[in-house]
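The structure under discussion is supplied below as structure tokens; questions concerning it will follow.
To keep things simple, chains are lettered A, B, C, D and E as they appear, and every chain counts its residues starting from 1.
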Amino acid sequence: MDIATIAGLLTGVILILLAIVSGSPITTFIHIPSMMITIGGATAAAFISYPLKTMLGVVAIIKKTVLCKTPSPIDLIGKVVKYAEKARKEGMLALEDESETEEDEFLRLGLRLAVDGTDPQLLQKIMDNDIMALQRRHEVGIGVMQSLGTFAPAFGMIGTLVGLVQMLSNMSSPEGIGAGMAVALLTTFYGAFMANVFFLPLAGKLKHRSQEELMLRDLIVEGITSIQTGDSPRVVEEKLKSFLAPRERELIGKKDAA
Amino acid sequence: MDIATIAGLLTGVILILLAIVSGSPITTFIHIPSMMITIGGATAAAFISYPLKTMLGVVAIIKKTVLCKTPSPIDLIGKVVKYAEKARKEGMLALEDESETEEDEFLRLGLRLAVDGTDPQLLQKIMDNDIMALQRRHEVGIGVMQSLGTFAPAFGMIGTLVGLVQMLSNMSSPEGIGAGMAVALLTTFYGAFMANVFFLPLAGKLKHRSQEELMLRDLIVEGITSIQTGDSPRVVEEKLKSFLAPRERELIGKKDAA
Amino acid sequence: MDIATIAGLLTGVILILLAIVSGSPITTFIHIPSMMITIGGATAAAFISYPLKTMLGVVAIIKKTVLCKTPSPIDLIGKVVKYAEKARKEGMLALEDESETEEDEFLRLGLRLAVDGTDPQLLQKIMDNDIMALQRRHEVGIGVMQSLGTFAPAFGMIGTLVGLVQMLSNMSSPEGIGAGMAVALLTTFYGAFMANVFFLPLAGKLKHRSQEELMLRDLIVEGITSIQTGDSPRVVEEKLKSFLAPRERELIGKKDAA
Amino acid sequence: MDIATIAGLLTGVILILLAIVSGSPITTFIHIPSMMITIGGATAAAFISYPLKTMLGVVAIIKKTVLCKTPSPIDLIGKVVKYAEKARKEGMLALEDESETEEDEFLRLGLRLAVDGTDPQLLQKIMDNDIMALQRRHEVGIGVMQSLGTFAPAFGMIGTLVGLVQMLSNMSSPEGIGAGMAVALLTTFYGAFMANVFFLPLAGKLKHRSQEELMLRDLIVEGITSIQTGDSPRVVEEKLKSFLAPRERELIGKKDAA
Amino acid sequence: MDIATIAGLLTGVILILLAIVSGSPITTFIHIPSMMITIGGATAAAFISYPLKTMLGVVAIIKKTVLCKTPSPIDLIGKVVKYAEKARKEGMLALEDESETEEDEFLRLGLRLAVDGTDPQLLQKIMDNDIMALQRRHEVGIGVMQSLGTFAPAFGMIGTLVGLVQMLSNMSSPEGIGAGMAVALLTTFYGAFMANVFFLPLAGKLKHRSQEELMLRDLIVEGITSIQTGDSPRVVEEKLKSFLAPRERELIGKKDAA
């Protein structure tokens, strides 16, 4: 998990904890039934929205997408250009070894297809299908987090309504009103807390990681098809560098010189 | 109905019931006129939004989409590859039997068209039209659930406004205020409950099922056109496997070996 | 007007009326100035948003779209297939009579163009332009209803704010507070009522009708171009049937047999 | 300015004024500091969102788009068909005079390009670029009005929060509470009033005018390219009439006969 | 930073400060823990949503996008037309010097590719990739500001809920209620203030600058490909002028005459 995610989560939780303990005993904010209706309800709604298998798979997608580092596009371009040079000099078949040892799963697929002499249009089609399927899987993961982020405040409000109706229909003593309102508001607090500290920011991270990974795959498809059509390594590099920000492009230059 | 849907619905209802009975007699939350204005009003608004025939058909679509299991893409790919092998060896006409006995309605249509020697472009067009028509029908079903999920809280608010105006314009005794407010809030509670436990999660499930089914149909179109253009079974498999997640692809390998 | 629309409107109005009269004299909810600010304000805002001519034309569009029955796609397919058969046997010019007597305005246009020997690409362009122009007109109608549905609650809130400020700045007697609040809330009630019983559901119906009609026109374009390129009646039927749901397709089979 | 805009603005303002004076002296609703924070704040936020030059230019765009009448498409079609006839008989160069005297700026551009013998693809590209640039300018104008319509209620709420905090932190006498709340709510009222009577309806009008103007330009491009490719005047008219509603098409027929 | 941004920010802050000090000592609105939970929480959520590197890079993007003036399209067109004239007379290679000294980074890239004799399709592809990569980077910057603008009010609400629960669960003395509410509302005020004075307007500015810059790059691509295909300088100018508003086009004419 990258440091920003951990730091962000800890900071968010600690700031709210500080605000709580500075003004009241922490026990005021712990109410198990309220937690159950908010978190349990949101999870139940998500389980209705998505099939069981998907819900179980989502944890894996989230873990993988958040924990795994997306490889640096600069390194990736370096690798692809190296392959282009080898293919130029020794022919496509010279990449057979690399098509088995290459670490990046998607680049390996591309190399294998190219080495097998797959028709360029077919290769493009297979790799595009692959990208679209990945995008679909990512969107499911993002969708689950977003629907948790929508349902959590909704069930928070449902809990508060239940609490308000109970309090209002039973106003024997005016002293109890304050305490009843406090408990009723706790579910709204839990819902807003879960949604804004966990679900929505994590949905944002997933979305961002997904875009990064899809961009890298577009870059790989561009590189493989460029190698396959016999572009010179310099043209391959030029094409791929256009995916980078100007500042990053200079880093490639420096690396080359070094 | 898959287990997640049942479990989710039950959990959602039970959690809220527990929250209710833990603090008050359940009768406090049962108020037939409030239910009628919320659920009746939302249903009435949906009946204005969609034609009668569509509303009646939606129940069928929902049932079918939620209950029917979408076939596993892995099995489907296996079947298509088998057809590709047969067509390779014995010619397209050898698939005549399968074009009548194949269980999957859409795959059967594709086989029949291919066996009939339909022009590839026409076949693609017919199957694409079919997919678009299915998508349209699904979108109507999703739209009905979503509009119920929007109208339910809206009519809940209308009911609460009616109750508030009645209570405020008739404040003879201060004791009655609490009880009046409690009843007024019930419609808001019903609206939020119906929307977040039933309508919106079911709309989510419909959407997800629809995407799954459309993906399978894209896969079938890809497979049939690939068979028709005479691709080797290995190319067909390669093309179709690109629709799967990497982990699922390995399952195909294992099945083949087994 | 189809039955669902009438039934829905009546049910919605009656349910809310029942809720009102069950708890207070109906006069409590009748306040002409509040009605004027809500309905008048929303209408005024819509008149600023859309030109005078459009606002006047919208009533006609709504009437036509809601009242006119969209023809059954099954009947339409039957007609087009019959034309295809006649054109196959006796040539395109044999459809000259039909190109003047055909009831459906858009199909008549298509037949006339085809009989006139219009170039296929030009025919496609003219008919596509026509569809796009229809879509534009429908979207204006939908837009007017949706903006009424957005402005009505907004002016309801403006009215309530006016009432609250008046009540708060003039709190001589505590008894008046309740009555003042009740009147202030009436505009919010009117806004929510108008939006959710009339404007938004009617916008939904318009949208749905528009989609249906556009689908039928796509079907007609498909049919005419198919006839023009000389497809066999069976191919024409196959192409057009792909627009239908599986259940509807069987109805065509039955009709043919009957 | 068309009558609907003036009538709508006046009606909206008068209805709200009536509601105000019917229940309280108008001075209750005039509070200069509250106006400054709402209108000033929203304007300030818009000035941060858009560059200075754009903000100044927007007034001109709004004036022009709201005041200028968009020409009738029927007249426009008549003109284009007349040009098509002349070009058919006497050749493209015969339109040289019209390419300088034609009133409609965009039609004049098209005629000039066609008379200059511009390559058809280049002509299409230049005119499409022009349409896209116009659309971009319109969208900026719409965007400014919409962001004013979003920021006005937001600054209204900020003003109300400031007023509430001041009132709550200084509750010496209970009598002051009502008056304090009344003043605090005024900013929310101003924000809702400005947004729903001015900014959002005007944004709607701009959007609608923009769509009308873009449609006319699409029609002109269609007409010019049709003339350039040598279509007969009848084909030109047929193509252009497909942009109209059926009722408008009949008007062209009548005009021709007259 | 252009004057509008500074003026807008100052005006917004000063207006709200005036509203504050006119009714209460400024210290009433300064509460460090409330600031920490609102601003700290929103920043933490943004750090979870975006990777560390991106968050650090965003400040640079914002600075660059807001501070740097986008060059005038009129000057740019002048430059491109001058290059077109030179290339027409002396051949593409005559632009070698300009391809190194040209100030505009993207135009320099285009010139260099054209001078190197890059294949037109490849040149178009590289430049389009470059534009898409820039758009991606801009969207990340806009996304960060927008998510800060969404999370700030959300954490404001969380802070207010914490304050309300604390106040309600500890209502020993009625005098404390007002002060407690005032402090609880402060976080909502901070959230609305940060979002509407800083984050959302700055997101709007970034969006607008991004559109301007992307438009300029589209213009440059159009110009370079037009030069490369050997268009006459007049045609190049005609093509590029279609990106401008009519009023700006006249400015080019005047400059030429001067």
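The rule is short, and it goes like this: contacts are C-beta pairs under 8 Å (C-beta built on N, C-alpha and C of every residue); 3 or more make two chains touch, one makes a residue touch a chain.
These numbers come from a predicted model, not from an experiment.
*Asks:* Which chains does subunit C share as contact partners with subunit E?
*Replies:* D
*Asks:* Nearest whole angstrom, what separates the Cα centre of subunit B from the Cα centre of subunit E?
*Replies:* Going by mean C-alpha positions, subunit B sits 40 Å from subunit E.
*Asks:* I'd like the Å distance between the centres of subunit A and subunit E, where a centre is the mean of that chain's Cα atoms.
*Replies:* Result: the chain centres lie 25 Å from each other.
*Asks:* Mind pulling the residue numbers of subunit A that touch at least two other chains?
*Replies:* In subunit A, nothing touches at least two other chains.
*Asks:* From the touch relation defined up front, give the order of chains around the ring, starting at subunit B and going on to subunit C.
*Replies:* The chains follow each other as B, C, D, E, A, starting at subunit B and passing subunit C next.
*Asks:* Which subunit A residues qualify as touching subunit B in the complex?
*Replies:* Contacts found on subunit A: 33-34, 36-37, 40-41, 43-52, 54-55, 105, 113, 118, 122, 125-127, 129-130, 133-134, 136-137, 140, 143, 147, 151, 154-155, 157-159, 161-166, 168-171.
*Asks:* Please name which positions on subunit D make contact with subunit C in the complex.
*Replies:* Interface residues on the subunit D side: 2-5, 7-9, 11-12, 15-16, 18-20, 22-24, 28-29, 178-179, 181-182, 185-186, 188-189, 192-193, 195-197, 200-202, 204-205, 208-209, 211, 215, 222, 235, 238-239, 242-246.
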